[in-house]
Amino acid sequence: MLTQSSYGKERIRLVQVLRRPDRDDVRDLTVAVRFDGDYDASYTDGDNTDVLPTDTMRNTVYALAAQEAVRDIESFGLRLARHFLERNRCLTRVTIDLAEHHWDRIAHGGREHGHAFLRHGAETRTAAVSADRDASTVSAGAADLMILKAAESAFAGFRRDEYTTLAETRDRLLVTSLTATWQYRDHAIAFDPTWHHVRQTMLDAFAGHRSESVQHPLHAMGQAVLDAVDGVASISLVMPNRHHLPFDLSRFGLENRNEIFVATEEPHGLIAATLTR
Amino acid sequence: MLTQSSYGKERIRLVQVLRRPDRDDVRDLTVAVRFDGDYDASYTDGDNTDVLPTDTMRNTVYALAAQEAVRDIESFGLRLARHFLERNRCLTRVTIDLAEHHWDRIAHGGREHGHAFLRHGAETRTAAVSADRDASTVSAGAADLMILKAAESAFAGFRRDEYTTLAETRDRLLVTSLTATWQYRDHAIAFDPTWHHVRQTMLDAFAGHRSESVQHPLHAMGQAVLDAVDGVASISLVMPNRHHLPFDLSRFGLENRNEIFVATEEPHGLIAATLTR
Amino acid sequence: MLTQSSYGKERIRLVQVLRRPDRDDVRDLTVAVRFDGDYDASYTDGDNTDVLPTDTMRNTVYALAAQEAVRDIESFGLRLARHFLERNRCLTRVTIDLAEHHWDRIAHGGREHGHAFLRHGAETRTAAVSADRDASTVSAGAADLMILKAAESAFAGFRRDEYTTLAETRDRLLVTSLTATWQYRDHAIAFDPTWHHVRQTMLDAFAGHRSESVQHPLHAMGQAVLDAVDGVASISLVMPNRHHLPFDLSRFGLENRNEIFVATEEPHGLIAATLTR
Amino acid sequence: MLTQSSYGKERIRLVQVLRRPDRDDVRDLTVAVRFDGDYDASYTDGDNTDVLPTDTMRNTVYALAAQEAVRDIESFGLRLARHFLERNRCLTRVTIDLAEHHWDRIAHGGREHGHAFLRHGAETRTAAVSADRDASTVSAGAADLMILKAAESAFAGFRRDEYTTLAETRDRLLVTSLTATWQYRDHAIAFDPTWHHVRQTMLDAFAGHRSESVQHPLHAMGQAVLDAVDGVASISLVMPNRHHLPFDLSRFGLENRNEIFVATEEPHGLIAATLTR
């Protein structure tokens, strides 16, 4: 009757400073831990014998970072997953979700300061590790990259029915907040440079593409990643269409030469796809 | 290579006033529409021939509400699903997500006013309809019910390892923001009274339960719904543990008689389960 | 050169359970403390000699609640203000901002449960105490009451210029999120019943008013409070106009009988005024 | 009895694309307009004769941008203020608040792309123009710069009372979200380069400072701006102390060499000051 269950801890906020004589590094992470396993007795009978407290999951994140500095979030996720599987016999699958918030160095006296930082925007680097006793999978991602095309974006030739009022356009403003997640073939991968390679490949494909819709550049971006980055087995992209509508200036005897737009929050389109090698 | 895709519209905000001589009713909805189907050409070739614009999805929500007033969100979702399937041959599965924000009447001169309303809190009523050409499923839900137990809530007897520091307690403050979703067996159900029955059953079970954890009342609440409401085939509950920590007053020579708590936002536990008949 | 300065603590989250044999009460508060005074040396020289840590401000909120239970937020604010003024000779003015989040009892077996609660919506009750060594002022308020009028709301006869496109209407949907703050003449007032009296008077005036704009009911609501509640010296109301726009159904050959609206978030109007006795 | 009133429009979202043959520029603004003046009759009598609709304020923002491209937000604010004062005889003071969200060019094939952009973080550039028929003031600002010092930040030697438990430290992690606003002496200023000069001066002072508190670098940053930038008459800085607390590893027999921190959201300190020439 209890057909699925899981429990864990969300939003564990860890900041680690890696101290060197003249330059510190900062790792700013948000971590979530989820346990799936044979914990039915805690639900049905209130028997907590095998339940590791979620407070312990949180402590473990800090303790493991203290014992070996976080290098990349993918490796740290794998280390956490292994730790929990080894110590919890009822645990059948553990999932670790990680997000990293990047900090840039502040320019000071013509060069980068060693200890002062400026947070780099809303964009986050993400990773997810899912592991059972036989295997583990690693995925990486980039969340909330706001990107915009001011030219070479169209939407025309679409289906119309009795409720269609949208005008066709060969030249619209395309704005989206890209979230992408990709699966790695194996763990013998250089996670850091690969992440940057995938991110830059997506941005490059977006910039250089002549887009007939949101679907069209989304596919081109995914395709470009599979072509360029060997270690990626599949990639999922989600691109909300943050509509920027031309403002109707004709009511004031003015012309809108595709320059004046109303940025809107809702409603928004939502386009998603997965490409697999 | 394109192994999954979908597109649609999110956050369509519809308010419908049902006008009667002396009393209006207000329906305040947020609707999302998602299409899954044979739309690969739009991704791979920028061919939009079969792509119904998401702007049309939005228009359709308003147009269908105008032609027949929204009674309950479940029926409205079914109507929208049917409409889209009939008109779009490439569409294989349509999903309609709906949330309703309730408005109470303002008391005025000793009775409820006919035209003036006060929004009823953060809690929302939800529904989801998923349909293909053969069948459709309807689920309903309640989101963001903040509930609290000031007594009869414990957490003890749990597993300890080297990173466990949590103290056992027979008497803690339990605060959660319940989100529940349940599947109906069929559509021949009185959606409105059933929704209220499920919601009250969950609250009742929560209030009357002696809880050994978060898992324990979660299961009791799901069990109570399956016992009491025949039309429900299965129910999923998600209960984040919004930790309220006793404030350490001993440092000031004061005693905390389980009365003074620090409410925290993060990190939080997250407990989830599905019960099926 | 340092012409103004202040420091303090924001978002101190205190939950107090008032325990009685068969019925608990819950006080759920967010408190902020601000110090203005002779703290220039901490800014200019890094001299912290007279700086009470903001961490101590936080501790004090919990410690004072522990020593005497919070009854109403106005009295608790006065108590905190007095405490800080007595102990900090550099402090010239202290400001305490308080917000209370109300919890309703859950109905259980035909009556209200003694220990189980359901959070009452997004609306909060607020208070602000500002005190120096000679005097203190107390204000109270209600924040984020979402209210709606489905009839008896117009906007017509307004000024037009070359950029005015808005149509006149005798019958529009008026939706606002009321935030009101009122000053009390003195502290010899029953804070709890007075707060409920002011809130109900505003809702009553809103419901019963024939509105020509947002300004118009705002004034009527303020006027009603000054007329009905003797202890109030002045009242400020802020009413954003959360525009609900009629959806244009004529494009589909349908009529909008003032029933189908698009709820929007931005842009929004913002109307504010203060009425003084 | 109506002792203060204002009305206006908030969150007007304007995106302007400045098109050139091979490189577009993007201006992404959020604008608010507020009118103070002789509008009492609209409040007391529902007489809208002199009330310019807030919808017209919104239209005007788009129309004026269309007639002369937005260069910097300060000039655009001045232009809007002048426009409204000229056309509205009841208007005594108009306030224009502007926020700009910056977009960076996407790197493509080794150089910056002409039409594709990536949103630059959460930081915004702000401006405020306040004008009556005799004079106008212009202020500029930077909001939500998250900055961090990993070294050279202390908090010690502070006042203690019976509720003080905070430990002294010579070496803590200092994290704040800086919001600064500065007044210009006059309008004959190069707004763009001055804004960048002020921002860089603040970051530079923050990075190079040995901090004894949050107050201490705040003052140093304001002082540095007044010293370096002649056109600034005064500057206000607000710096919340986003506490990053050392995690207690000693419970696991581990040492925290000032490397492992818990990032917290609430409660937080709030430090503010204004420096005037």
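By letter and in written order, the chains are A, B, C and D; residue numbering begins at 1 in each of them.
One rule holds for everything that comes next: contacts are C-beta pairs under 8 Å (C-beta built on N, C-alpha and C of every residue); 3 or more make two chains touch, one makes a residue touch a chain.
Just so it is clear, the structure is predicted and the values come from calculations on it, not from any experiment.
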item: Most widely separated chain from chain B, with each centre as the mean of CA atoms; value: D
item: Selected interface, A-D versus B-D, where C-beta contact pairs are more numerous; value: A-D
item: Same-residue or different-residue interface between chain A and chain B, half as cut-off; value: same
item: Centroid spacing, where centroids are CA-atom means, of chain B and chain D in whole angstrom; value: 37
item: Centroid distance [mean C-alpha coordinates] between chain B and chain A, Å; value: 25
item: Inter-chain centre distance, chain A versus chain D - centres from mean C-alpha coordinates, in Å; value: 28
item: Per-residue multi-chain contacts in chain D, two or more chains; value: 13, 59, 63, 163, 165, 252, 265-266
item: Footprint of chain C on chain B - complex, ascending; value: 13-19, 24, 26, 28, 59, 62-63, 65-67, 69, 103, 106-109, 113-123, 145-152, 173, 200, 203-204, 206-208, 244, 247, 249, 252, 254, 256-264
item: Chain A residues touching chain C - in the complex, by the definition given at the top; value: 162-163, 165, 251-252, 265-266
item: Residues of chain C that touch chain D when the two form their complex; value: 1-13, 32, 34, 39, 42-44, 46-56, 58-60, 63, 87-88, 155-161, 163-166, 211-216, 218-219, 223, 226, 234, 236, 240-241, 265-277
